[in-house]
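Given below, in the form of structure tokens, are the structures.
Two complexes are shown next, each including subunit A; its partner changes from subunit B in the first to subunit C in the second.
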Partner chain A sequence: MEQPRGKTGWTEVTEPGPGRPGFGASDRRPRAAALRLLSTMTQAEIKLCSLLLQEHFGEIVEKIGVHLIRTGSQPLRVIAHDTGTSLDQVKKALCVLIQHNLVIYQVHKRGVVEYEAQCSRVLRMLRYPRYIYTAKTLYSDTGELIVEELLLNGKMTMSAVVKKVADRLTETMEDGKTMDYAEVSNTFVRLADTHFVQRCPFVPATENSDPGPPPPAPTLVINEKDMYLVPKLSLIGKGKRRRSSDEDATGEPKAKRPKHTADNKEPIPDDGIYWQANLDRFHQHFRDQGIVSAVANRMDQTSSEIVRTMLRMSEITTPSNAPFTQPLSSNEIFRSLPVGYNISKQVLDQYLTLLADDPLEFVGKSGDSGGGMYVINLHKALGSLATATLESVVQERFGSRCARIFRLVLQKKHLEQKQVEDFAMIPAKEAKDMLYKMLSENFISLQEIPKTPDHAPSRTFYLYTVNILSAARMLLHRCYKSIANLIERRQFETKENKRLLEKSQRVEAIIASMQATGAEEAQLQEIEEMITAPERQQLETLKRNVNKLDASEIQVDETIFLLESYIESTMKRQ
Partner chain B sequence: MAEVKVKVQPPDADPVEIENRIIELCHQFPHGITDQVIQNEMPHIEAQQRAVAINRLLSMGQLDLLRSNTGLLYRIKDSQNAGPVSFFLSKMKGSDNQEKLVYQIIEDAGNKGIWSRDIRYKSNLPLTEINKILKNLESKKLIKAVKSVAASKKKVYMLYNLQPDRSVTGGAWYSDQDFESEFVEVLNQQCFKFLQSKAETARESKQNPMIQRNSSFASSHEVWKYICELGISKVELSMEDIETILNTLIYDGKVEMTIIAAKEGTVGSVDGHMKLYRAVNPIIPPTGLVRAPCGLCPVFDDCHEGGEISPSNCIYMTEWLEF
Partner chain C sequence: MAGNKGRGRAAYTFNIEAVGFSRGEKLPDVVLKPPPLFPDTDYKPVPLRTGEGEDYMLALKQELRETMKRMPYFMETPEEKQDIERYSKRYMKVYKEEWIPDWRRLPREMMPTKKCKKAGPKSKKAKVTGQGTSLTNPADVLKKIEELEKRGDGEKSDEENEEKEGSKEKSKEGDDDEEDDAAEQEEYDEEEQEEENDYINSYFEDGDDFGADSDDNMDEATY
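On to the complex of A and B.
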């Protein structure tokens, strides 16, 4: 039974391991289903998922999706019955969700197919801009558009992607120039080689030896080796410019039907081989970026370049959730440094020694062969980044003296009230006030150590301590709610100015049609003046506000990424 | 013929003479003499005369009475102690022995002072008596009360002319029982500026990375010397004081510390190791959550759509959007 992907800290409750009491094979299914219910997310997450689904896919999909998130895995008829929507609409909504990898299905006993929503995958939709931007920095516009198409369509064949992207790129080019399919294919192959896109699991072509009825739902398999294998296609052609009124507006995320065949006369050579964006690989990239920038802040540019080289060398060899990378020898690193960097071997060795000795402990020395074997301590790096995030939040919310106390308790693990005042050199009254404030917000917790069996308060030690994991979870919850608030505010702002927006859209449409039919300058001017100056100002403000809220959502998502990575890495180690 | 027992009056039967002899004996044996020794020295003196002489010396405070496992010992009182004691005696003419006892106890406590309850335990006197005596002694300017910085209600008593110990007054950071936060802050900033400029110069020197890193470190001794030369402190600061200030900089996240092994005798090394400090930058910029108004909102928990406080009518957001 596949466990939901993207686990948060609730996993330990749901693992039906042998050690857990009361788990017999016979009653495993309903128990596991009930426990998976417990693993559904908090109210804040459900709210956020609901907002995202609504914005991207519309009301009906949102209703079905949220229902599935709330209630766990359910068969088709139950969904239709519980949500009160017609079976037809439920099917279409599920199609959309499955196409976008937001819902998975499984065949259970007695031929019942159950559908289950992946809440954490829904939350990834927030990160789409970041994925697209990363692809742009690594593979320029072509890569950007490929990833964007894959994210917006869920799954696509390679030929469809290539064609679409070539068309889009041709649009932006000057007259007379077109984008060649070959170039787009090359970029696609490079994306597949570096594992940024991967093949979707497919129906295995088996010999149907038993003549019984086919299973109600196919089981999809994918071989590790085949995941990044690009089919041998000879895509020849060039991008076409779009005619004025024929096609749909691109980039508008509509509910896409699966297996949308292009209007090609020839049969598609790679039918059945679908590709999707490999989000884990992007996450690995973000993590590496975070580590490199931390090293650059703490040390200098050259050290960060060395760390980047080491991470690049470990990209393919180390699984993304390993606590350490593979050991790399100093000679290998020297050979793999980027071409522009001409530092001598001794200088590289010095930098490596400095990195290994630094109190940050991101890099460790694991041996002496090959000029010194070095590893990057990924788990420690994530922990440091998460801790720095916590400290930053404490500092901004409560002030720098509070931050001093917080770091003090973090370093010394357990401290008494008096010791806190002495070490932090803050007067007793203020120190007490700050500690209680942080305690009430759950950044710090209290550990009681009784001296006598009756736990009398006057004879008990009270020690302050920081539990990073629980503080991280608390902060993560706050992040989810914050993003939900930002999205709501953005929708509110848009709704407030709906009338004005509609008016301006009408005016633009009129101007465009008049331009197409060749109108005079004076007439265009007249139409434009239908929107008065203060209204124009209002539109400007609205645009600025919406952009600001959007940007803020992405920034909060960065915090979410750091905290989630840390929590995931810690849970895996336990 | 009847024998006339003539009591030969020993030549030094004079009480003063006896006392002087005893004092001489005490000087000869500074560790103390027993009664037996006096008897051996002056066999012709009767026990009663001896006792009278010894008592007089004791009450005058020139002898100390000690008990050892062999018996009672008489020891000459230290000449240093004899000074203020005689001064004390001159002041305390007519005071009773209880006061002398309390004074003794306070004197023994040295410069750490002693709490009134402890005086009571040691002297077994009732509380009212103790209080009366203490008031008396204070008015005679023989003892003083010092407020302890640890527990502000507690008063410890010590001799008038003694300097209170650091643990009582709190050391360099306390002046008159007040914690001097401003002073600590100023020192904090000065130390940080010193370390920062050191790191800057090291970074700009552009030599090979080892030398660059090593020159960006400063030992606690260097920082101490810098602060002393700066002269911003009225009080003499020790290296430990500077190290506590540097520790607060570590907890501020601005400075990191390493300990290296140093040869005994190099300047600033303590027990064979030295502490080095270096200014550092934070590893991440302020995180995304705090850039949104929700991250710092004080009424975050009350906010929900449709309520009094909601994202749609949030005043913090309105202000933030107008920025």
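On to the complex of A and C.
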């Protein structure tokens, strides 16, 4: 059974692997690598990464990516040798992975370049729909498409993004209307100002006075102040519609592949300045969303609005991984409340006091000046959210009586068997059964307290306790497994119905081409009837199932986000 | 130590009642197989959340999946032969735009080693002058051969050729050679030998020993 990560999440590499000195092709690895700390990826995570890479980039990229995730940092030729892939294909795969920020490279001694996979970044691919949808809610369709293009392409120059998005938006507009580049640029600038997109590290411009041979790989740099600096571009133009003759459904397939033709001859004004989506900023937004909705559920709309205001004010002043926000005075909060929120100062103060007194401790009072200084306890909030997730899982899996016991142990921290039965008011036999069930699934753990130095079992206290961090890790691991199962099941369903799906696609293609060449209604009807009624039924069922599986993936990912945020926040404080 | 077992009878080292079994009671059977693959659940899972946001994200997810497959980053594995040739395959071919990475941001070993196509005169030579190690000489050979073919029995020197090609490259942006397979040295030589021409098969860079088997048109190749 896979072991979840150890307490610290870091393990020293102790077992031999392909990269250790003295083993196989990697003899040239320096001794220091043997002692390097690697973060272990569990089997579940690796499996999930494999499925994601395969769905998005194909099998070759998947093979290279998974190999790197498993073995850590490796040079080019070792990868090719160990995976049995041709050098050219490995290079292409690495280019794709580097482009999408999934792999980074580092130059080691003697000019050897090593490539390392960013495992957790691969898992972020699950969250792309959420990022894009968030951009839509904040910056409407233009923002949505900008973020989508950046995620689909890994990194792009601003001019390329603006052009592509303008073209796409123009496609959706009515005939005769086009989207102006300036409007798209404005949205891009707003995204950069609010840090949702950021500049990629770039190749520093060096004077060519260096007489030696160029380095095997460029060193990319970026500093804080440049990260959100938008280059001064004057992008003038409008989006272009794709003409119908370009579409492949009609006419002969092209003899030549479509290339970037005439446009490439123009010099790119911001050449070399690439942008990427800033996932951390999105995560900060999700975290804020989670806290606000938790407050809304626990208290009321007005309280949640106050908390939202406080979080908004802290966006720029507080780094995203701080345990609590900078203190805000009640006066400041009052001034920053959204327009149209007509609560008086006294009412605001009452709400703030209520929030600060709440046992969940989302809001804390840190002083009395300025009408009262208040902070949001980000770490505590994340902890509460993670705990609530655990409680909810226990309730849904084991029933509400089990959940009662779980909450009890959480609250009292350590309880003996007898005490659990008494406090929970549940008969002994059932209580034992439930406790053991939760124990076997690692929601609850046992703490031994020996009375005598010889640790004799008959003279030892056994206390039940909930270790939130390890329970969260366990649940996270299960989430990864769940999503892997969901993806596999979806692929299985699709494969089972492959013949039918292909038939339906062919029929659609034929109908489309017939429509383009102007066929009659009766003919189209005939073609449509090629798919029989039971087959249509089967297709409907398939679609329903696939939708359900997809939706489940998205919602499990929300739990993953919560748990990961909590674990990360806790690790930072240790 | 904890002492002997009581004359052959098992005695627990702890109070069995604490665990919930009364003394002398039959303990449950030991389970000798792994837990079932699809265990029965007592409680049905909570239904999924629905709503506008969820629907939109679902549609987005499915669209993204399809779009990704059409992007140039999706590396297709070569397809097995189809059992039947289908007419509609023609209408469903997706033409992928080519993607050329920004080589300035990548390690130099990432650039594919070039094998020149006969049809493409302007094949890309990587920045050879600095590198010197990985680029194959046959690449230079074929290119030079083609240049010379084109110019007929040109009198141009090789250095001039190199300069011209260097500057042509810098102005060019894309190329069609991204998808060439890596040319192994051996394979390459074979191909060269297959081509019907009078030119020598081996050629050396400046400074290396130059074999004396030159043919008529190779006067200029001695720098």
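Throughout what follows, the second predicted complex is superposed on the first by the 517 of 574 C-alpha atoms of A that agree within 3 Å, B and C clash if a C-alpha of one lies under 4 Å from a C-alpha of the other, contacts with A are read in each partner's own complex, and residues count from 1 in each chain.
Keep in mind that, in the parts below, a residue touches a chain if its C-beta (ideal position, glycine included) is under 8 Å from a C-beta of that chain, and two chains touch if they have at least 3 such contacts.
Remember, it's a predicted structure, so these values are computed and weren't measured experimentally.
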item: Contacts of A:Val113 with subunit B and subunit C, given as first, second, both or neither; value: second
item: Partner chain(s) touched by A:His100 [first = subunit B, second = subunit C, both, neither]; value: second
item: Partner chain(s) touched by A:Phe57 [first = subunit B, second = subunit C, both, neither]; value: second
item: Subunit B versus subunit C as contact partner of A:Gln555, first or second or both or neither; value: both
item: Touching partner for A:Tyr128 - first (subunit B), second (subunit C), both, neither; value: second
item: Which of subunit B and subunit C A:Ala471 touches, first, second, both or neither; value: neither
item: Touched partner set for A:Arg489, first subunit B, second subunit C, both or neither; value: first
item: Which of subunit B and subunit C A:Asn547 touches, first, second, both or neither; value: second
item: Subunit B versus subunit C, judged by how many residues of subunit A each one touches; value: C
item: Partner chain in contact with A:Leu415 - subunit B first, subunit C second, else both or neither; value: neither
item: Residues of subunit A that lie at the interface with subunit B and also at the interface with subunit C; value: 396-397, 428, 548, 552, 554-555
item: In the complex, subunit A residues that touch subunit B; value: 290, 293-294, 297-298, 300, 302-303, 347, 350-351, 353-354, 359-360, 384-385, 388-389, 391-393, 395-397, 400, 403-405, 407-408, 411, 423-428, 475, 478-479, 481-482, 484-486, 488-489, 492, 544-545, 548-549, 552, 554-559, 562
item: Interfacial residue positions of subunit C with respect to subunit A in the complex; value: 2, 13-15, 18-20, 41-43, 45-46, 48-49, 53-54, 56-58, 60-62, 64-65, 67-68, 71, 73-77, 86, 88, 90-98, 101-102, 104-113, 127, 130-132, 173-174, 180-182
item: Subunit B residues touching subunit A - in the complex, by the definition given at the top; value: 173, 179, 181, 184, 203, 208-210, 213, 244-245, 247-248, 250-253, 256, 258, 280-284, 286-292, 294-296, 300, 303, 305, 310-312, 314, 317, 321
item: Touch list for subunit A against partner subunit C, complex; value: 55-61, 76, 86-89, 91-96, 98-100, 105, 107, 113, 128-130, 132-133, 136, 148, 152-154, 202-203, 213-214, 216-218, 220, 248-249, 253-254, 257-260, 264-265, 272, 274, 396-399, 417, 428-429, 432, 456-458, 462, 505-506, 509-510, 512-513, 546-548, 550-555
